[in-house]
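By written order: A, B and C. Residues from 1 in each chain.
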Amino acid sequence: MTTTAPDAAPRQGAGRAAIAARTLRTDRWWFPPAIQAAGLTLWVAYATFRAFMQDHYWIDQYHYLTPFYSPCVSNGCTPEAAEFGRFLPDWPILPYAAMTLPFLLLFRLTCYYYRKAYYRAFWMSPPACAVAEPHSSYSGETRFPLIGQNAHRYFFYAAVIISVINTWDAIHAFTTADGEFGFGLGNVILVINVLLLWTYTVSCHSCRSIMGGKLNHFSKHPVRYRLWLGISKLNGRHMLLAWVTLGTLAITDFYIWGLSADWFDDLRFVN
Amino acid sequence: MSEIETHSYDVIVIGAGGSGLRAAIAAREAGKKTAIISKSLFGKAHTVMAEGGCAAAMGNVNPNDNWMVHFRDTMRGGKFLNNWRMAELHAKEAPDRVWELETYGALFDRTPEGKISQRNFGGHTYPRLAHVGDRTGLEMIRTLQQKIVSLQQDDFARTGDYEANIKVYAECTVTDLIKDGERIAGALAYWRESGRHLLLEAPAIVMATGGVGKSYKVTSNSWEYTGDGHALALRAGASLINMEFLQFHPTGMVWPPSVKGILVTESVRGDGGVLTNSEGKRFMFDYIPDVFKDQYATTEEEADRWYTDADNNKRPPELLPRDEVARAINSEVQAGRGSPHGGVFLDVSSRMPAETIIKRLPSMHHQFKELADVDITKEPMEVGPTCHYVMGGIEVDPDTGQASVPGLFAAGECSGGMHGSNRLGGNSLSDLLVFGKRAGDGAAAYVDSLSARPVLDEVEVKRAQERSVAPFGDGSQDGAENPYTLHQELQQTMNDLVGIIRKEEEVRQAITKLGELKERAKNLVVEGHRQFNPGWHLALDLRNMLLVSECVANAAVLRQESRGGHTRDDYTTMDAEWRHKLLVCTADGDDGVQIVEQEQIPMRSDLMELFELDELKKYFTDAELPGGATA
Amino acid sequence: MSYQQKFSVWRGDSDGGDFVEYDVEVNEGEVVLDVVHRLQATEAPDLAVRWNCKAGKCGSCSAEINGRPRLMCMTRMSTLPQDTTVSITPMRTFPVIRDLVTDVSFNYEKAREVRAFVPPADLAPGEYRMQQVDVERSQEFRKCIECFLCQNTCHVVRDHEENKLAFSGPRFLMRVAELDMHPLDAAEDQEGLNRKAAAQDEHGLGYCNITKCCTEVCPEHIKITDNALIPLKERVVDLKFDPMFIRRRKRKSKEKEQVSEEG
C-alpha cells in the first residue's frame, strides 16, 4: 500500500502539466491593466484633490456648479451655490458634497465593470487572462468585505437621485445671476456631462436586471422587455461609458475650476 | 485474462452520437443497466455538425403536413430503394421523438404561436425541419447528453451512485465483438488514454457508430467516421446493405487545408453564386442533360434574370441536382480546367455587394473568415465534391433494429435501408431519434427474452486482445508500414476510383489496390507505447476502413445503374430491375467480403396507394405495380 | 506559399515533461491543428492530441497557443508571428494525460451536479408553448460547444486548485443561468429546488469576480459574464441579499401557502 505524500496543497494541482512559467503569453498582456491602473490612479488623485479644495467650484455669474460639489450642502458653501440648503459642518476634511460623493464613489466601486478593472489592475486577481495571480488563496466575493458588492443596486438607486440633482444643476445653469436666460460653452459641457452620466447610470447591470432581466417570460411583459432590450444595448457599452464619464466629469470640473480661477473665460453664445 | 478490467451490463451502446444516446436512454428507461462507449469525449459526436434541422411532420408551419407526405418525400428522395417499413415508422414517429426532446430541455426556434418552428429544405414538400439557427445537431446532442445526466441524477438520488444504471465510457474504442456461439456476449475495448484493455460483458449491443467518410480524401466527416460499427458487425457475422450508396455533396471546400471537406451550403448557389473553371468560364451551361433542357437556362443572361424574377425565367444550371453538379465539376477537373487545388471556383464575390453576401450568408461568411481567413465577399472559393453520408449500413429489422446476429442491434448512419439510395436533408437527425429509441427498446426486449446470459469465451477474448496490439509488432518486421501513409493511399484510392462518378474499370482498379493495401496493412508497425497513441489508434481504425471500403467498392462494381448516391459513368440511367435488388455484403473469412443480391420485400399495398400510379411507373417494373401481375 | 515555423510543444505526462522544439513546414491557409497533424504524420507519430470536427463545432481541440487558451482548429497560422517560436501547451487547469491531452473529467463531474431541466408535470410532450423572446437568452447559452476553455482560463480554479471543490466554473454557472431563465423549468415548483440558491450555495457563484476571462476566450462568442453570470448574480441578490425583495417574496409565499391550504 502506498500513502499519499503529505505535501502542502500545491497551487499547481496534482497532475497538471509541469510548466514553470507564470504565463506563456507573448503579447503585451501587462499593458491594459497598467494603463487602467494609471488612469484610475490619476483620476482618483485629481478628484480627491478637488473634493477637498473647497474652492473654485461655482461660477456665480452663470450658475455653473461642478458635479464634484453637487449638491453643495456644507455651511462653507457659497449661499448661491447651495440650492438644497446648507447643513453639514464646514470642516476641511469634509467635502462640501459629502452627502453624495460617498454614494457616487460606491456606485462606481461596486459597478460590475469597475470591479473587473480594479480586480485586474490593482489586485491582480488575475492581472490578465491566463496569467497566474500572485495570491496564495482566493475567496472571491463570498465573504466580507467583498460580499458587499451585492449592494450595488442600492448605490444605483442613489446614483439615479444624484443624476436628477445633476440634471437640475445643468438646467439651473441656463439662468444667469441677473435672472436672464444664458447660454455658453459651460452649458454645453454641463449638459453633455449629465447626459453621459445618465447613460452610464442606466446602462448599469443592476438596472438591466431590475428593468426586465429577472423576468423569465418577456412575452408577458412587453414594456419591460422593451426597456430591457434598450438597456441591454447600452449595457454592451458599459465599459466605454464608465471611462467616458470619468473623462467628462474631470473635464467639466476642470472647466469650472479654470473659469473660477480666471485662467480663461467662458465662451458665451447668449448673455 | 485475469488482469483485464471487466464490467457487466444488460445493454452496451457503441457510439455516443444522436442514435447511441437515444438508444441508451430507451434501454435505461426500460430498466436495463446500460453502458455507452464513446471514441471521443461525451458530447463531441459528429451529430454536432448537423446544421439544417430535424425533419418531423408536426405541421406547425403548414397544417397540411402529415406522416404520409413525409413518407412520400422520403421514398422519392431515396428513389424507392428505401426499406419502406423504416420510412413509414420514421415518418410516423419523428414528431413524437422531437416533442420528447422538449421534455428533456431542448429549446428549438419557435413559431409566433409558441410551437416549434419548421423550415423548408430540399426534397421536403412542406416546411418540416425543427431547428435552432444553424446548430440543430449541437442542440440535439446536448439535449440527449443532458437527459442522460438527468437519469444519472435520478439514480444518484436513489442509490448514491451516478453510474449505477447508466455509465459513459468516454475515449474508449471497441475493437471486437465477442460471441457465445451465435449470440452476442460482449465486447473488447481499450481506453484511448491508457491503452489498457477493457472487457464489457453484455447480451445485447447497439451499434451507433455513424459513417465511413474517413476512407475518402475529401470528406465532411471527422476522424471518428471510420466505419467501426459496419466492420465490427461484419466480423460478428452481420450483413451490410446498400453500401454502394454514398452521398457526396458537390461543393465542399478543397482549399485551404484548414477547411478541406467542409460544406458550402447549397444556398450559396441559390443566392447567386456561380461555378467557374480555371479559364473563368461558367461551365455548368455545358452540362445540362437533355431531360433538364426545358427547365434550366441556357444563357448567362437568362440565368441571371432568374435570381430576381424566378417566375418568368429558367433556373441557372448551377442549381441542377447534386449529382449533376458534382459530375460536371469532376469532368472539368479531369479535363485540366480545375482550380490550383483540384476543384473549381465558386464565386459570389463578383456577383453581389459584400453587404448583401454578409446579410444572406452570415454563417458561411463567418465560418470561412474565422477558420480559413477566406473572405467570400472578396475572393472565390475553391470547391469540389466531398463525401458526406453513407446510406448503406447494417441490415436490421425495421421495428426492433436487430441485425441478423442475435443480440446485435444498430441505429443511425451505421444502419442501412431507411434512406434508400439517397438521404433527404433533415432526415438524418430524425432517423437517429426514431431508430435510436427503437433499437434501445429492441435491445431491452431481447434481454428480457433471454433465459440465460451468454458467456464470454476466454479464448476469443485473448485472440481479440492479441489482434488489437499486433500493430506494435515485435521489432522484427522488414518493410514496416506507417499507418498514416496507408491511410492516405486508401483515401486517395477511394476518392479517385470509387468517388462520386464510377466506372467499372476504375472500381476494379480500386478493388485490386484495396487488396494490396490489405496485404501491406499486415506489416503495420506503430511507434511508442499504448498510452494515447494516435498512430496505434489509426492502425486499428484502418483495419475497419479497409474492410468497409471493400464492401463499398465491390457493391459499386456490381450495381449496373445510376441511382441516388451511386452514379455510374457506364450505366447512366436508373433501371427498375435494379430497384428491387439489394446488394448484401458479408464477411468472407478473416478480412474479406462477399456480396450477394437479395430481393427487396414488396411494399405494403396501403403504402403503395399513397402514390400516383404514374409516379410509381418511373421506378417500379410492370410486374411490381398494382394489378401488374394480371396486366 | 509555405514557410518553416519553429514550434515548442509541451510533451510529457503527469509525471513530468518538457518542451520539445520542432521545425515544421507551414502552408498558406493552415491552422495550428493542421500543423499538429503534420507533426504526427512526420516527426512525432505518437504526439497525443484530442480533436474531432476540425471546424470549430465540437470543442475538442482546446489547448494553449503562445499562452492563450484557444481551439487549435480555429487558430490560423497567419495570426501568429513567424519570427518567434510558437508554443503549444495543454490546458493548464486540468491534469495532463499526455502531451496536449488533458483529463477534463472535472467538467463532467460538475455537469452532473447541476440538476437537469425538470419538465412540468402538467404538460404532455407536444404541448409545450414558448415564445421566441422567452427562449432566446437560454438559446445563447446553449450555443456552448463545451470546449472548457472558460473553465481552463478562469483564475478561480486555474490558480487555486483547492477551489475546484466549491466552484463549478463559468460553463456550469451558465448552465444554471440557462435553466433558471428557461420559461418552463419546474425545478422549484416540483422539486423545491431554487436554482439561484443552488448557484450561490452549491456552485460557488460568489467566487466569480467577473474579470471576464471566460468571455474573452469563448470561441462561440457567448457573452458569459454579461448575459449569464452577472444576471445570475443579480438574481441571487434578489433572493439572498436585497431586503426589499426578500420581504416581498416571503409575503408572496405566505399568500401562496394560504391559498393552497384553503384550496
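In the analysis below, contacts are C-beta pairs under 8 Å (C-beta built on N, C-alpha and C of every residue); 3 or more make two chains touch, one makes a residue touch a chain.
Each chain and its UniProt protein: A = Succinate dehydrogenase; B = Fumarate reductase/succinate dehydrogenase flavoprotein subunit; C = Succinate dehydrogenase/fumarate reductase iron-sulfur subunit.
What you are looking at is a predicted structure, and each value in this text was computed from that prediction instead of being measured.
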item: Remotest chain, subunit A (Succinate dehydrogenase) as reference, centres from CA atoms; value: B
item: Most centrally placed chain, judged by C-alpha centres; value: C
item: Approximate Å spacing (C-alpha centroids) for the pair subunit B, subunit C; value: 29
item: Interchain centroid distance [CA atoms averaged], subunit A (Succinate dehydrogenase)/subunit C, Å; value: 31
item: Distance from subunit B to subunit A (Succinate dehydrogenase) - Cα centre to Cα centre, in angstrom; value: 57
item: Residues within subunit C bordering two or more other chains; value: 103, 131, 182
item: Contacts with two or more other chains, residues of subunit B listed in rising order; value: none
item: Of subunit C, residues touching subunit B in the complex; value: 13, 27-31, 33-34, 40-41, 45-60, 73-74, 76, 78, 97-99, 101, 103-104, 108, 111-112, 115-117, 119, 123, 125-126, 128-132, 135, 138-139, 142-146, 179, 182, 185
item: Residues on subunit B engaged by subunit C in the complex (per definition of touch); value: 40-44, 46, 48-49, 58, 95-96, 99-100, 102-105, 107, 109-110, 113-115, 117, 132-133, 135, 138-139, 142, 146-147, 149-150, 152-153, 156, 162, 170, 193, 222-224, 255-259, 262, 367, 370-374, 482, 484, 526-529, 531-535
item: List of subunit C residues in touch with subunit A (Succinate dehydrogenase) within their complex; value: 10, 12, 14, 16-18, 64, 66-69, 81, 84, 87, 89-90, 92-96, 102-103, 131, 133-134, 153, 155-156, 158-164, 180-183, 204, 206-213, 216-217, 226, 230-231, 233-238, 240-242
item: Subunit A (Succinate dehydrogenase) to subunit C touching residues, read off their complex; value: 9-19, 21, 23-27, 112, 115-116, 119-120, 125-126, 129-130, 132-133, 135, 137-142, 146-147, 150-153, 205-206, 208-210, 213-214, 216-219, 225, 235-236
